[in-house]
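Input: structures, listed below.
Look for chain A in each of the two complexes below; its partner is chain B in the first and chain C in the second.
== the complex of A and B ==
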């Protein structure tokens, strides 16, 4: 969705917004392109909000609404963790916590041909990328990056997956590294995969480490950066 | 069909495997040891006969109500106790509207059996007029969030609400003593039920590996485990009921071990329940005490302690106090503790 406009300043950036709020009036903006992300839509000359959350702006021209919820609304180019529900002749059906199951075409793997179709048991955990997310259609996934390389995508072996809110998974993926992951990473070694759909997979050599990491992450949702570090230190003291 | 697939909660195979391997080294995914219970929080509303129980993330609310009915023919002197369960659709994606599922029926039955067949509640004291009128006690259990082990949470909630429930007092009048008068709570203090002991349900989960055993399984563990057993015991160690719905077979020694564990947990939980109920009863008493306006002034503004018998700007504090939410109430109640056991004329009759 692109619109021509000028002077794209709005005083609602980083504020809480509610459905129906008008954040931009396009009538006095000309000759500028703005890009709208999730939670916003265009009604003629007005850009209005569709979901409650915090309005974000990224230079030069991107706007979107961020919130935290337990259900995921698929969005193209998000990396997600899905669970295989069923396999059909040309698609795997994958649960990504969205309103509809996602399709993962059997050919959407690196070097995928009709001859080497991967086999996934029902219940396999898959790290994938959302390719298409059109309203009214099942979203489509792929286990390759945009250039067709496998790039870490694919089935995840062992480890432990837990569910969290979409807000927490976004926090874990933010840069600079989220304090809880930073503090844990200094003392423990573990692998982690964060899906924007509110699923996190953790794998470590010993089950104890996995459990500590998983619980530290789950506890960190409502804590500030300093509190997260203190919480991690306390947890680590207990296990050593 | 696809829509239906999308609406169920599911667990990846990784978790199934991880839960079992972690248990082999005595670890559980929420950081507990196999014989640890989750954190139990009991909240009591001001209103009698309702309780809210959190067991970890599991959330249950119960209400108790009573009605005067005609007794069963074969038991003219006994009141009745019935348990109803209601599964909120928000509690779990697998709960569907319409007919109660097997799980809902089983939950009600297990709680019912623990309470009724152990004769924990004295039903004969519920009789008002033999063969004509008895009290029928109804317990409604609402499951608001399912994070595993609903039976234990529902059982605790049912017990707490029965402990705090009070039924109106009745008396017989008329020439032949056959007319029943139900006294409203303002006139005569409602009376609590007679409860002989507290049967506490403790649930165990068994896994395909025979030596693995967990107490108070979470939702995730419930998906993995192959057998479960609910033992209902009271704090004296009397076994009131055992429910073992199919699944993995369990040897006798394991059951005996479970019962020992259950006894310890039942004692802990009983203490918690009693504490919660005592606090509730104390608050209830305090709410009834009419405060002298002068002392209320001292309580509220501690700095003006010498204010004494002067005219009180906070007259009618008693009424205001009742309308405030419980959080605010606490501080005032705490300050007015010294008024417990005052003369009975202080009881509010309004």
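== the complex of A and C ==
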């Protein structure tokens, strides 16, 4: 068995990597600091990959593996779409597609006090922010931004929610605006909330528009920018 | 049997493995039942994302052996289980009733689940999902020999597809011993007539073996030769698995 480890990772950046691949040989690097993101680990004098995905690099020195999966691993400051599954005296239990249910404290709302505790029925869809996500503990959510304002967070009424991969939800939230949303936004009027946990909520005036938007988003995962625009045009031709 | 307790069944079919004399599997020009040479593996095919409902899944076809593996989780461990700083791995291997030539014969392999668990446990970074469980369900659709190595390789691919943190992909290959001959990746007829078998499960990139299973009588030189054969085959198999995984990543993140 032979292993060819690359001394420099430049040839692997933006390439597909698998568990066990060595992306950096530290024995050749002196007085350099590198930051390791998700999916990478230091193994003696080598930096090896722990999960399948694409190796990404951001200047000056950060490496991470970006991948698309069906399960969500909670991270602090992520915006997620959760479903209330239970209500307790101090907090709501919310399903965010993670390994464990998340806690949403009853006071984690704008101006939250004991007097005005919100009442959510089981099954309510909530747009929230992950506040704490420590391993071995249930994640904690809040329906406020960092400054304590409600902003866009809270319960989502009506609309249609569907599930996708974490990679697709990341693509929809990317900057500049994702081509599929850009193309749809020019022709249709709708409201959308994307959770980094692989849930998307769409609300539009007519069910027809909602279905078109949802289908366009679900179809766009494996398409390039140009292909996404063509696909949206073809979908819109059918309804006009 | 609807008759009395002591009555004999109306029909009798002899078991193919109870023959006193082993049939000659190899002809004079050293070819195997399927025409391969002794040190030649069967063609392998892998595909990820076979089961839509699972967190990760893979389908493997090695010769006529067909396996599908689904991975669910990580999900919260049952309340009955004690707190654990590391994650739990739960493995289950089952056979379809039509997997084997004799209907329902696949259920004989009860130990496959624990062997799959042992093979994968060393490759998964269990510390990355404390308090939770990852379920691995393998289903053998068609059994044509060397089932467990195919199940292990396919399961490792399914785990990688599910985004479970792993030290490396796991590849597995088995070797059968016939008198002085070593036969790699044996088919069902060869397994039924073998003198001994050796199965290696390894992480090729790290030069680490996660499981070694030996049955029958082996001399030390023979074991060394068999291990080297398996390790070389594992390295080749891992290349196929990697290319499959990279292809899947490229497709999903174009």
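Keep in mind that, in the parts below, the second predicted complex is superposed on the first by the 199 of 240 C-alpha atoms of A that agree within 3 Å, B and C clash if a C-alpha of one lies under 4 Å from a C-alpha of the other, contacts with A are read in each partner's own complex, and residues count from 1 in each chain.
Just so we're on the same page, a residue touches a chain if its C-beta (ideal position, glycine included) is under 8 Å from a C-beta of that chain, and two chains touch if they have at least 3 such contacts.
The shown structure was predicted, so the numbers you read here are calculated from the model rather than taken from an experiment.
Asker: For A:121, select first, second, both or neither according to whether it touches chain B, chain C, the two together, or no partner.
Answerer: Touch partner of A:121: chain B, not chain C.
Asker: Looking at A:68 after the superposition, I want to know if it touches chain B, chain C, both of them or none. Which is it: first, second, both, neither?
Answerer: second
Asker: When the two structures are overlaid on chain A, which partner does A:207 contact: first (chain B), second (chain C), both, or neither?
Answerer: A:207 contacts chain B only, not chain C.
Asker: Looking at the overlay, what does A:157 touch: chain B (first), chain C (second), both, or neither?
Answerer: Touch partner of A:157: chain B, not chain C.
Asker: According to the stated criteria, A:215 is in contact with first (chain B), second (chain C), both, or neither; which is it?
Answerer: In the superposition, A:215 touches chain B alone.
Asker: Applying the touch criterion given at the start, work out whether A:165 contacts chain B, chain C, both or neither, answering first, second, both or neither.
Answerer: After superposing on A, A:165 lies in contact with chain C but is clear of chain B.
Asker: Pick one for A:99: touches chain B only (first), chain C only (second), both, or neither.
Answerer: A:99: touches chain B and chain C.
Asker: Residues of chain A that sit at the chain B interface in one complex and at the chain C interface in the other, please.
Answerer: After superposing on chain A, chain A residues 99-101 contact both chain B and chain C.
Asker: Spell out the residues on chain B that touch chain A in their complex, using ranges where they run on.
Answerer: 2-3, 5-6, 10-18, 21-22, 25, 27-31
Asker: Note which residues of chain A are touching chain C in the complex, please.
Answerer: It comes out as residues 1-3, 16-22, 39, 41, 48, 50-54, 66-71, 73, 99-101, 135-136, 165, 167, 221-224.
Asker: Once bound in the complex, which stretches of chain A touch chain B?
Answerer: 83, 85-86, 93, 95, 98-101, 121, 123-125, 138, 156-162, 201, 207-208, 210-212, 214-215
Asker: Can you list the chain C residues touching chain A in their complex?
Answerer: 54-56, 73-76, 85, 125, 128-132, 160-169, 202-207, 231-232, 234-235, 242, 245-254
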